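Paired with chain B in one complex and with chain C in the other, chain A is shared by the two complexes that follow.
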Partner chain A sequence: MVKVMVYPPTSMILSDLVERTGHEALVVSKEVRKKVNTAGLDSPPLNMTPEDPKKGLKYAAVDVPSGVRGRMSLLGPMIEEADAAIIIMNDRCTLGCTGCARTNELTRFLLRTKRIPILELDYPADELSARRFVHKIREFLEGLN
Partner chain B sequence: MIRIAQLSCGPEYSGVQQELEKAAVMVGAELVFPEVSLDDVRNVEERFGIEVASGDLNLAMARATRIVENPDLADAVFVATCFRCAEGAIVRSELRKYIHENSRIPVLSYSFTERTTAETLLTRMEALVTTAKFKGLLSRERQTGLTAGIDSGSTTTKSVVMRDNEVIGTGWVPTTEVLKSAEAAYNAALESAGVTRGEIEGLGTTGYGRHLVGKEFGAKLIQEEITVNSKGAVFLADAQKGAATVIDIGGMDNKAISVQDGIPGTFTMGGICAGASGRFLELTSRRLGVDITELGKLALKGDHQKVPMNSYCIVFGTQSLVNSLSAGSRPEDVAMAACHSVAEQVFEQQLQEVEVKEPVIMVGGTALIEGLPRAMEQLLGLKVMVPDYAQYIGCVGASLLVSGLVED
Partner chain C sequence: MKATKYVITGQDSDVLPSDIALKIYELGRDINVKETCFGVIIDGEEEDIEATVEDIRAMDESNIFIKDRGFPPGDPRRCRGHRGGGARPGFYMMQYESEILPLISRGPASEARGEEAPPKAESVKRPGLAELEEMIKEEFS
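And then the complex of A and B:
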């Protein structure tokens, strides 16, 4: 079992595919759940505080916008933990945690430079390419064993 | 309850969403998020004219189109993106223009960092809510009865007494202890008007100390500076109808306000550093050994191009000042360079975010430093008007508006 970071890190479909092959999916919803369930913090909706962009300084300098650094405080530790990654490009539904293009670029860059097994695919446009898409992901995940 | 539609990218992840909510609650408003479909976001380019790489910015633009199509969804709009984000800054500016041009909903735009607090936003939010809530009061063009205004500013405290649309008394003191300074300025205004405090039918307060002073003096109106300065400026400049632009370079911050029929539309309030405020001119006059009231006249005799000066940061600005004097520059050139540098900061940092339409009215004590409006004219390529009583603008606006409450 390896830890596989999926990109977009909000993708429940990718997360499900990873879990089905017996690996652990690293997705941002788990990080957000930890924050929301943190006792004593009351900063809705995500329980993020001004301390989080400061934690993001580990991944992006102080002159990088606070929204990038705040998002990196969630995504950075996931990248560090990842043993493998699946990156899907051309996904147009990027909002919220993945709503900032600069954060997304930095995330992909950090994953690519980590020298871990990575599968990069385009978002499928039709049913046939969707079948190939799932097949390639399964093949990649099984190969990690 | 005033509904402020939030169009933003990043505040949740900067940890400041709660501060935005808090500021809205403090001024009796709530933040709302107009619903849009995924197709609205995906097709934003067709409807808004551009699609950008960041999804949250596309979402903000989709929400803007929804508001323009359904103006009942919100009473005001707050546009916010991360400070230092180029993509965010472009979209923020276009969102502000889009709402302004396609609806009558007031807009506030702001770039935040993780250090943004509810208190930082309070005056801006208060102005936004006032503009949305009290259009009737703000459309008032005449002062009636005997009323007064106190402007408790960061550097000076001013007061005026008005009777039947005329200023009949003024008072001005440097701000030390807030209440004592207000007392002194108010007494001076009453004395010069020849009336007693008991005769005043209504008092309005504004400026940083407005809440403290207003409570102490039993003011009928306690109002932030954006609204009263707009009102005071168009009243004194006789520009109550149509468009106008009000520029107020203060001791601690600057305001640039786009006004329509005497009501603020879009505005910015800020100043990255004291180098873009009246403080830098105070410092310049001290270094040149002239009284601040003489600095402007001295500057008019000078040429700013002979002295390189950039007061983006007050420390660097002071270095330029000291270096130029050490290199033998003429005091008049240095004075004009200082005025030009302050005007340039306001031009670059703030005037790009409002629609600059004539007449351009400069107000506040700094407007009386003649070199500053001259420098602004050079930068804008437009005539800049400085009305009589420019330094009392806030008090005049407060006095005018409170007369509406007295009548009611």
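And then the complex of A and C:
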């Protein structure tokens, strides 16, 4: 079983296809779950505290906005654990925790420089491209074994 | 550790959220189920959830998609009643992906039937400069 990071990291389709082939999908909701289940934190909407932008300093400089550093505190550990990645290039619906374009660029950059197997594709627009989409993902994931 | 998952049924699925909820009750595991219009949200211990997910997926392999959720159902930090209404964070991403789910479902369905993947589409070639000049001359002659 391999840990596969999916981008967008909130994608239902990618995380489901990864889990079907027996691998573990690294998604933002699992990181959020760790925070939710950790006792002792305050409860602003996402359990983000002023400590999180400081943790993000590992991935981005201090002059980078705190939104990027806060998001990287969630995404950074996922990137570090990833043994492979699937990246959607035409991610049109990135909002909320995936709503920062600079964070998304940094995430894709860090994944590419990590020298792990990466599959880059686009969301399909018709049936034939959807079947190719699923087939490529399945081939890629089965090749990771 | 407790885990929460969304179980989302595609538009082409014959399985209703109530069918999934009934199936989970039949299994008799210690799992909370919240029915929604798009599927169910299940919450419980991780081992029970993983086992239940396999049983639910078997109901309709091609049209049921399962996604992790950070917050348990009814958590006041996400509850729309507590937060004054409006869509919960993540709704628009799920809505966008739900619109292409019928297409995505064809992939696992065709693989289950043993069909090969369709060949790669030919890329559209851009006309070169000379061809473009010819086209302009023809159009304006």
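FYI, the second predicted complex is superposed on the first by the 145 of 145 C-alpha atoms of A that agree within 3 Å, B and C clash if a C-alpha of one lies under 4 Å from a C-alpha of the other, contacts with A are read in each partner's own complex, and residues count from 1 in each chain.
Assume a contact is a pair of C-beta atoms (placed from the backbone, for glycine too) under 8 Å apart; a residue touches a chain by one contact, two chains touch by 3 or more.
Because the structure is a prediction, the values reported are computed rather than measured.
Aligning the two structures on chain A places chain B and chain C next to each other without any clash. By the touch criterion stated above, A:L144 is placed in contact with neither chain B nor chain C.
Of the two partner chains, neither chain B nor chain C is touched by A:M78. Residue contacts after overlaying the shared chain place A:S66 against chain B, while chain C stays out of touching range. Of the two partner chains, chain C is the only one touched by A:E19; chain B is not.
Which of chain B and chain C touches more residues of chain A: that partner is C.
In the superposition on chain A, contact is made by A:Y123 with chain C only, not with chain B. Looking at the shared chain after the overlay, A:P53 reaches chain B, while chain C stays out of its contact range.
With both structures placed on the common chain, the touch criterion links A:G96 to chain B and to chain C.
Of the two partner chains, chain C is the only one that A:R33 touches; chain B does not reach it.
Chain B and chain C, viewed from the C-alpha centre of chain A in the overlaid structures, lie at an angle of 110 degrees when rounded to the nearest 10. Per the superposed model, the minimal spacing between any CA atom of chain B and any CA atom of chain C is 5 Å. On chain A, the surface touched by chain B in one complex and the surface touched by chain C in the other have residues 43, 45-46, 92-98 in common.
Those residues of chain C whose C-beta lies close enough to touch chain A in the complex are 1-4, 6, 8, 57, 65-72, 75, 77, 89-90, 92-97, 100-101, 103-104, 106-108, 110-111, 117-118, 120-121. Contacts from chain A toward chain C in the complex involve residues 8, 10-13, 15-16, 19-20, 25, 27-33, 35-37, 43, 45-47, 92-98, 123-136, 138. Interface residues of chain B facing chain A in the complex, by the touch rule stated above, are 9-18, 38, 41-42, 52-57, 59, 81-85, 87-88, 112-115.
On the chain A side of its complex with chain B, the touching residues are 43-46, 48-54, 63-71, 74, 92-102.
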